[in-house]
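I'd like to ask some things about the structure below.
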Amino acid sequence: MSKQNQELEKFVGGQYKHGFVTDIQSDTIPPGLDESVVRLVSKKKKEPEFMLDWRLQAFAHWQTMETPVWAHVHYPPIDFQEISYFSAPKTPDDAPRSLDEVDPKLLETYDKLGIPLHERARLAGVAVDAVFDSVSVATTFKAKLAESGVIFCPFSEAVREHPALLEQYLGSVVPYADNFYACLNSTVFTDGSFVFIPKGVRCPMELSTYFRINEAKTGQFERTLIIAEEGSHVSYLEGCTAPMRDENQLHAAVVELIALDDARIKYATVQNWYPGDAEGRGGIYNFVTKRGDCRGDNSHISWTQVETGSAITWKYPSCILRGDHSVGEFYSVAVTNNLQQADTGTKMIHIGKNTKSTIISKGISAGRASTAYRGLVKVLTGATGARNFTQCDSLLMGDRCAAHTFPYIEVKEPDAQIEHEATTSKIGEDELFYCRQRGIEEEDAVNMIVNGFCKEVFKELPMEFAVEAQNLLAVSLEGAVG
Amino acid sequence: MSAMIQSLQDNFSRQPVAPGGDYVHQVREKAMKEFLNTGLPGPRDEYWKYTRLRIFAKRTFGLPQENAITGSDFGIKNLDAIRIVFVDGLYSPALSDESAFAENGIRLLADALRDDSGLAGGLLPQPDPAIHQFAALNRAFQDQGVVLELAAERELPRPLYLLFHSQKTGQDTASHPRILIRSGAGSKASVIEHYNGEEKTAGFCNALTEIDLASGAQLTHYRIQTESDTAFHVGSLFARQAEDSRLVSHNLSLGGRLARTNMQFELMGRGAELVLNGLYLVSGKQHIDNHTLVNHRKPGASSFQDYRGILNDKARAVFCGKAVVHPDAQQTVATQSNRNLLLSHGAEIDTQPVLEIYADDVQCSHGATVGQLDTNALFYLKTRGVPEDEARSLLTFAFAEDVVLRLENQTLRNAITEHLIGRLPEMKNTDELVTT
Amino acid sequence: MSKNNILLSINKLSVSIDDKPILRDLSLQVAAGEVHAIMGPNGSGKSTLAQVLAGREGYEVSGEVSYLGEDLLDLSPEERAWRGLFLAFQYPVEIPGVNNVYLLKAALNAQRKYRGEAPLDAFEFLTVIQEKMKLMQIDESFLNRSVNAGFSGCEKKRNEILQMVVLEPRLAVLDETDSGLDIDAMKIVANGVNTMRDPERAIVLVTHYQRLLDYIKPDKVHVLADGQIVRSGGPELALKLEEKGYDWLRQEAVSA
């Protein structure tokens, strides 16, 4: 086997590491992607005809596409025929049986984050489902939601139970042909979340993937669809504040949000997939397409993300501001350390009248890592009164890290007002000295200053998330200074 | 193959024998191959993302020809400078101050190539022809142009004014002026490049400038492009700066149907300072695209960039400004600002301020804005009795004025002010309100 | 004065930056209970002295500085702070996004930890700070604002003194705290400093003008010029300086 292939195997074929080659069980199919695999995935999910057709169309298109190369990230080419497209849920044999089998480094991190003991096992993927009362939690939850007419279920269930909604909305924000990874996802997605908030309903609680513990390992080709009907409100939390054990190297998720008239969707993500070790070995490639469609007048979509994990992050949660007076927001903290690479940002497409967008992006690079902000603000003809404010700040820690800013501003409407500001600097020596003079140790002073730097974004997160996000930052940046 | 490429190839085979003999001939041949290999930028070329050459690809351009000089109005009036004038792509001895050449280290490019054919490769490492195909094209046609070589500690007594003037003649020609500036240590100079055309001239000017500043050298460089709104203009500028040198680049893109400038600056030493001052004013169906790239390659250098644009009618402007701080280029200061004023429906601006930073002890910032005239200021002026139209023009002028005021040469400043006033329709009655 | 009372002992301290000498063989003893004023014209090295005492990096330093019997120059800035050394900055630093209250609590608890005391919880801390804020006439809304961000010059200086009265240092060095203060603020600041006077504690005021000394009576006044203490005396020295200006000393030095 060539050296490159060995590299590839290491990167892509996580299963090989664990000697998981020939023992193909009923719910795992061999690596490779062709039409029969697509049919098989659809069949295993017991999907209706329209779903299979859609997948097949996506697959046909995907075969004509090339992997994108424009992002400011570097990695060896991925061989898509080396990936198994239906290996979830993981077999119990594959997972560690107890916390003793889990990487001690991971456990150390959980400790620092103050993750409760029983949670740690779940996050580390320990195959002992019985310890959790999560099922009952989820059930109580579902009942309460059902009262108000909210649908919150696994994607695969929605395909079977709510095909009409799926047919209407699936791919209406991110068409399968949108980009290479979205197209791959459309072909082979296995599961994800589906949310439907009916007209006029304010979702009685924050929805979170946390409450669907049994679906936690569907990460590789996850698909989320959230529909907020007229006048409804929903707040959705995705992800988890502790590093997830996951063996899938490539994550290509798609998230679609649809907000009708006066609807409001708030979507928060804390992404902390395995970033690889200090030498850059291993780690997740997180290539995600997230897009919200402010389809109705006065609709409002807000993305908040804290990205500290993954070896490579490539995602641009975007808003299409189609409805008049619609509002799009993007608040982001992206932290990279060691050899991590992040190319992340947003697109704000102003179409309706008097639309407004805000972009606050905070990038922090340490070690030999690189963080890039890439953003598009586009104002189409007729989008009178469009307003955008963008603030992009980068903080550098260490003389071998990198920070980039690639904004694209395209304006075809003379009535638009666009303001973009960006700064890049290293963590301030004056600030550090000031804190230390007051008796605060250097590492704490760094955390304090970095958290201050990110405050505008953290305040958009629900309280308990914000606290954990702060801790997470401290863990991610450990050893970055000094 | 596009008609344009065809005509350029045809020109290439018919162009006059290279000055400076075989070596120059070989450089030209090689450069033409490089140009043809890359060809015109296509729709998938990120570097030309917002600028399409479709309309020009269909056009054909001939070789420059000697034409009778018809006009008397050549360039900026009353400018106290050493003048070198090119008319329709060819050097015009009658309009140039030849007597001042020798003592000031000035040579025509053809003479310089005859003295030293090594100059055919330019003063600086050659840019990648896959990106800079127009620089290669310029190299392939090198013949007309100027070389300025300033000895150490020398100061050019007057600005060098290079005028490239297009007359309204029968044929659309392609010209490739080439300007090489080498400033010795501690020397001081001011160079004005002016690309001008009479109305309805529709030629293709593909200019190239190379600037090499030794330590402590100071150069103020003006690039003023006021070609006709039917012309096609590409300008490439490459500069390299040693420690403690200072380069001020004024880039005023005011003319052309389609005009593109690529400017690339290499800061190679501590204390090097670069000031980029730019203005683009587009109206009608004009399309003006400015690309700047500043490479901070060594520690302790600074760059300050301010480009402003005014867009009217159905015109379109593109700005892409990129500052790269290379590894170990610590203590870099790099600032960049791009502000745009959109005055009418149908106008479009695409701006892309980019920072790429690989060192940590840096202070870098950029800002870009797109907007309209300040309604509060408009209101204020109206309450003081200024009619709306005038108030608009006044504020538009004020937006550009910061850039204009940075032009050190007063005669030039007045000429540009006059140009701006002429371009802002309601401005004509408000001359007296403008102080220059 | 017994040696036991000496808090800070500076012996032949020389400081330069990029080979440019700023302080030259400076010696100074500060005993517990004393208030010293260090005066001098701009550029005499006053602020450098304050920064070096607090542990600012980037200077070439030689000589000895002993604080509470320890080699001060050997300690990191935070270790000096834990031992009760406080610097009120001439230009207090803005730290966007970090709350005043958060910084103060973290600072106070870091010192308590060093002294082996239990950290104060949020409630106990608030009790402490509210009282001090009343003393400094600072509004409570101020606690939730970012450290010095968007503060006026006057607010920043008052914030420095608030931090001082909360942290209760053994040795407080106030670097030009009077600059940028109007007369009312000056009285408040002086009042804050005066409440800190204590037989166990020493205060070093670095100032350009005499006027702060109308409100805070120093025990000793030193004049710093060209990196050296050229004259020491009592409060009368400050008055004489006010009257005659720094040139008077220079001329005297020349004629001597």
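Order of writing sets the chain letters: A, B and C. Residues in each chain are counted from 1.
Just so we're on the same page, a contact is a pair of C-beta atoms (placed from the backbone, for glycine too) under 8 Å apart; a residue touches a chain by one contact, two chains touch by 3 or more.
Since the model is a prediction, treat every value here as computed from it, not as a measurement.
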Chain nearest the global centroid, as defined over all protein CA atoms shown: A
Interface with the most contact pairs, given as the two chains involved: A-B
Centroid distance [mean C-alpha coordinates] between chain C and chain B, Å: 55
Chain centre separation in whole Å, for chain B relative to chain A (CA means): 44
Distance between the centres, which are taken as Cα means, of chain C and chain A, whole angstrom: 49
List of chain B residues in touch with chain A within their complex: 46, 50, 327-328, 330, 340, 342-372
Chain A-touching residues of chain C, taken from the complex the two chains share: 54-57, 76-78, 80-82, 86-87, 89, 92-98, 102-103, 106-107, 110-111, 114, 146-147, 163, 167
Of chain A, residues touching chain B in the complex: 70, 379, 381, 394, 396-426
Chain C-touching residues of chain A, taken from the complex the two chains share: 428, 430-431, 433-442, 444, 448-449, 451-456
